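Below, subunit A partners subunit B and then partners subunit C, in two separate complexes.
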Partner chain A sequence: MPKSKQQRQLFYIIPYGIWLVLFVIAPLILLLFQSLTTQNGHFTLQNYATYFASGTYLLMTFNSVWYAFLITIITLVISYPMAYLLNRLKQKHFWLLLVILPTWINLLLKTYAFIGLLSKTGTVNNFIGLMGIAPQQLLFSNWSFLLVAAYIEIPFMILPIFNSLAEINPRLAQASRDLGANQWQTLRRVILPLSMPGIKAGIQAVFIPSLSLFMITRLIGGNRVITLGTAIEEHFLVTQNWRLGSTIGVILIVAMVITMVLTRERARKSSRNRG
Partner chain B sequence: MSNEPTPIIEFKNVGLSYDDNSVLKNIDFELEAGKFYTLLGPSGSGKTTILNLISGQLTVTYGDILFEGQVINHVPVEKRHMNTVFQDYGLFPNMNVFENVAFGPSIKGKSKKEIKAKVTEMLELVKLGEYADREITELSGGQRQRVAIARALANDPEVLLLDEPLSALDYKLRKEMQYELREIQQRLGITFVFVTHDQEEALAMSDWIFVMNDGVIQQNGSPEDIYDEPINHFVADFIGESNILDGIMTADYLVHFTGKDFENVDAGMRPNERVEVVLRPEDLDLTTVENGKLVVTIDDQSFRGDYYEITAIDDDGNEWQVQATNKSKVGERVGLTFDPEDIHIMRFNESENDFDARLESYEDDDDNAKK
Partner chain C sequence: MKKLVMGMIGICTIVLILFGTQHYLASKTGTNVSSNKVLNLYNWGDYIDPELLKKFTKETGYKVSYETFDSNEAMYTKIKQGGTSYDLTVPSDYMIQKMKREHLLLPLDHSKLTGLKNYDTRFLNQSFDHNNQYSLPYFWGTLGIIYNDQYINAKDIQHWDDLWSPKFKNQIMLIDSARDALAIALITQDKSVNTKSRADLAAAQAKLTALMPNVKAIIADEIKMYMAQNEAAIAVTYSGEASEALSHNKHLHYVVPSEGSNLWFDNVVMPKTAKHQAAAYAFLNFMSDPKNAAQNAEYIGYATPNKKAKVLLPKAIRQDKQFYPNDQTVKHLQVYDDLGQLWTEKYNDAFLEFKMSQK
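For the complex of A and B:
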């Protein structure tokens, strides 16, 4: 019996294993291999040396991290109060659905919609034109980049925060008030710590993809903000320098792993952060 | 009543409705400082609603709630001088035992030293002195219960509100906690308002009981009053086991039921008034057919440890619950006997005030009869 059970488990693992090898492990090895070899296949650290010696690449790295950080902060500041509010509504799941709905639309379509809104002859400029203000350059600015990126990422921040807030027993807020805490103190000392898992998950879901954004940087930011995502795209598609592209890719993956480690659930001495 | 000090809590004609649904109707009562009060009733009777009105989690639809003579209808929860022990404890899972108990004092901005002293004192009080550093998830149900009590008391409340706090504990632990709660209340001398659906718990712990049903206080009084002199069918049935029969008050101190007249100790009713007669199972004794005031047939019996619970049926088909020390035989015909003072008479639709006035009118006679 135990043998057949083991066999069955093995059978279930096969599709997952194939997926993992083909689409995760193999590409990672390829990326690492490319970044560590020369054209002729000899081992080299030259690509990394080029990367770390170049002020441009370091600036890009800084830009990537800095803008991903800004996008994460903006979405968090907007999403937390929103998730908190949604949780208090009667039809909360309906309103949550409305927030999530835009994620069902293709990213490129949403980006183009923003071009229509923000361009010199776009909706926003038409509107402020009615008030007698001359058309403004809205597209291709850092601000428009942050706006659109935050807009796109907000649902991914709201969802985990909403879920973690929904899991908190309403009794705890009641108990906190009963013990003399006002609403602000209750939020700070009870609700916020208990929704930390949601905040961390939201940060992961927003910060990591934001590190490698390139479509929005090009279409909305007009390549004024050049991030590592843009650099990778350039190396693979334009300059055809796959080895340097792979090197930047590896560095990006390392940055993501660091983010994951920093925001992971720390298991305290007991299962403390549940509830 | 008028010479007494200001009640710590007073309800003046308080009502609460949701939409058109009335949850509480015309509630009037006064609570004296330093006593153990119990709100007793089945679920949906409005007892927890009263507790939530006192704590401020709910606001009255009409009427006034007073704390030490001041109307507090709109004082927010966090500004009231009372704390609650919740049914599910409501302990903060992100804090350990110490931090939970320290929550109230630290919100009040007490110094670290004061907080530590207070928390230590409270944990000692609930016998959890060693548990300060434990996580909540590491505690048993009974220990969580104690933390909840310590946390509520750490704020030095003048009134402690307890919402069915013992209902999640097993029987033995519950008994133990009843005793301890009573002891804590007497030691601290603060007012306890305890909500429960368990009549045994209410009788064991309280100075004063309010029996609730359908959003109305049915009766209030000392545990003895409520048990011995239930005002109506609901109270008699809810508190303890009862045999309730229809009867007629033939004259003062004479009641007619099951086709016979019986001497009793109630008076002050209209001649030939229709009434309900209450006889407690523990007041009934089984005897021989010749010595019995009534003759019944044993229908069923079950062993309850310290007594046999017997169901018997009389010749009119009425069912009788009897607690007997000796075993009987099912199907046997036996006599049933009781004393005149074991008979309690309830009038239909008598208000609490009328009931109290009537009792007072012949109380002296009654006392003499008992002696």
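For the complex of A and C:
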């Protein structure tokens, strides 16, 4: 019973379509609807006015973006050389597996493990105690928050960069060297531009979730780092003002869309014409 | 690809078989929901001695289906949305008031309650439920200060105002809750913890902000773990959390400042979704029985409102001033009222601004 190709394609689209409508489009519409209505269901922009008129929320937004930015930079600085190195190893897929392995463990468990490491009586303090240094306050600081957040996000940065580096034909680097470029020039002019899609994908994969991190802000940061995730949690759970919570949610989504647009793949044509 | 598909099918089959087995076992032992000999209890996690549930089933024949929640708001949302059939649940004071106002609760028929006389009258007839029309107290407790005697002298930390002492720079862990944090500041300024005056709230926020240099972290349930591990010298938290922390570290002590604090209640109520009222009354009476209440209090470590049960507790618990403060202190304790949407948000905004004031 041969079906036409078009019919078959249509058939394959159905599960995807249902998924998309149920779990992506419907929740987004609900979120937008909540943020644009009053308790009685009338249309209003009051929630957005509240948000933008409040110095607290704007500062919190700035905090979120700033910390997400820092986390992205830290992971990028660590990940690029690491991905580069991994690509040159013999058993590169084995080593990559080791990098990805931590993502198989639940996020909260990893966070609690860090509490054990960083607490006053924890492993790190015991270790520096051996060298005669008094216990340090490591938890509840910006640094510990950045450390844990970066640790959790690193695999998502390494993976796309690793893949884009693996795709580069090694002959290109050889050719570059044959033509007189030194190692630095080869890296900067050949490898880096060719791995740009991986970097951009990595930035997306790290920056966007980092914007709304919130369990770590409390557990490791001791609420000394406050991001929009904290405010959303509060509005949904404590004050039960779902409308304002949704408004913040919508604003976060907009911020994410902006990130996607800024880091999107430029049309191939223009980059080729330049050369 | 084929392997993957086979693998998935395999997993699904196993899940189905397990599900079927479980269903079969459930129907055999009679725990399925259609049976009328059942009680649907919706309670906080680990908030009852499991032995008591077994005993209840043995004595009355009602099977208990025990489901848990982790916050008043989560419980409220679930009951309000409907689709549940809980017979009893255990909200805190202000939430009872809120649920009562929204007609989510059924009044209790006092003629069916056999254990009412066992309760301490100090813990009945509270502002959130006059004459206990809708609720029976389950446990009560306070908000207070835990300190570690390795780092802190007992005499230095007896009152809320002591927290502001410059000696305690960066040493205090504060509970992540708007009501409780602001209550501390309000009490030090001799104001009601339920104030609806903008000036009082602003003053309390300013006072709290002055505490910030001493605050090490603003966290929730983790406080008990951190205190047990000597992470901080001082913490502000609830008596229930404190009793757990104290049981892990003998250097810890709990103080309820005598000038006043919050008095909280977890009371048992019957939501309007209740389908097995006879079972619910049987359970209420079972839990009011002094012997059972005492056993539960010993297991959970919270303070029981059951006067006759308290007598049955070991002397060391009964006379522990930390968790059963004297009358003088109890007199100064204040219960939270439900503030309503507007003021709940005002308190939370003030708290959020306080949290943002750290740098």
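List of remarks:
Following the convention adopted for this analysis, the second predicted complex is superposed on the first by the 261 of 275 C-alpha atoms of A that agree within 3 Å, B and C clash if a C-alpha of one lies under 4 Å from a C-alpha of the other, contacts with A are read in each partner's own complex, and residues count from 1 in each chain.
Please note the rule applied: a contact is a pair of C-beta atoms (placed from the backbone, for glycine too) under 8 Å apart; a residue touches a chain by one contact, two chains touch by 3 or more.
No experiment lies behind these values; they were computed from the predicted model shown.
Residue contacts after overlaying the shared chain place A:Thr123 against neither subunit B nor subunit C. Contacts of A:Gln136 after superposition: neither subunit B nor subunit C is touched.
Of the two partner chains placed by superposition, only subunit C is touched by A:Leu59; subunit B is not. Contacts of A:Ile226 after superposition: subunit C is touched, whereas subunit B is not reached. Of the two partner chains placed around the shared chain by superposition, subunit B is the only one that A:Gln185 touches, whereas subunit C remains out of contact. Using the contact criterion defined above for the overlaid structures, shared-chain residue A:Arg218 touches subunit C, although it does not reach subunit B. In the superposed pair of complexes, A:Thr38 makes contact with neither subunit B nor subunit C. Once the two complexes are laid over each other on the shared chain, residue contacts for A:Gln240 go to subunit C alone; subunit B is not touched.
Within the complex formed with subunit C, the subunit A residues making contact are 56, 59-60, 115, 119-121, 137, 139-140, 218-219, 222-224, 226, 230-231, 234, 237-241.
By the touch criterion stated above, subunit C contacts subunit A in their complex at residues 71, 73-74, 77, 170, 173, 176, 178, 216-220, 222, 225-226, 229-231, 341, 344-345, 348-349, 352-353, 355-356, 358. For subunit A in complex with subunit B, the residues that touch the partner chain are 169, 171-172, 174-182, 185, 189-190, 193-194, 268-275.
Of all residues in subunit B, only 55, 57, 76-78, 83-84, 86, 88, 90-94, 103-104, 107-108, 135, 137-138, 151-152, 155 touch subunit A in the complex they form.
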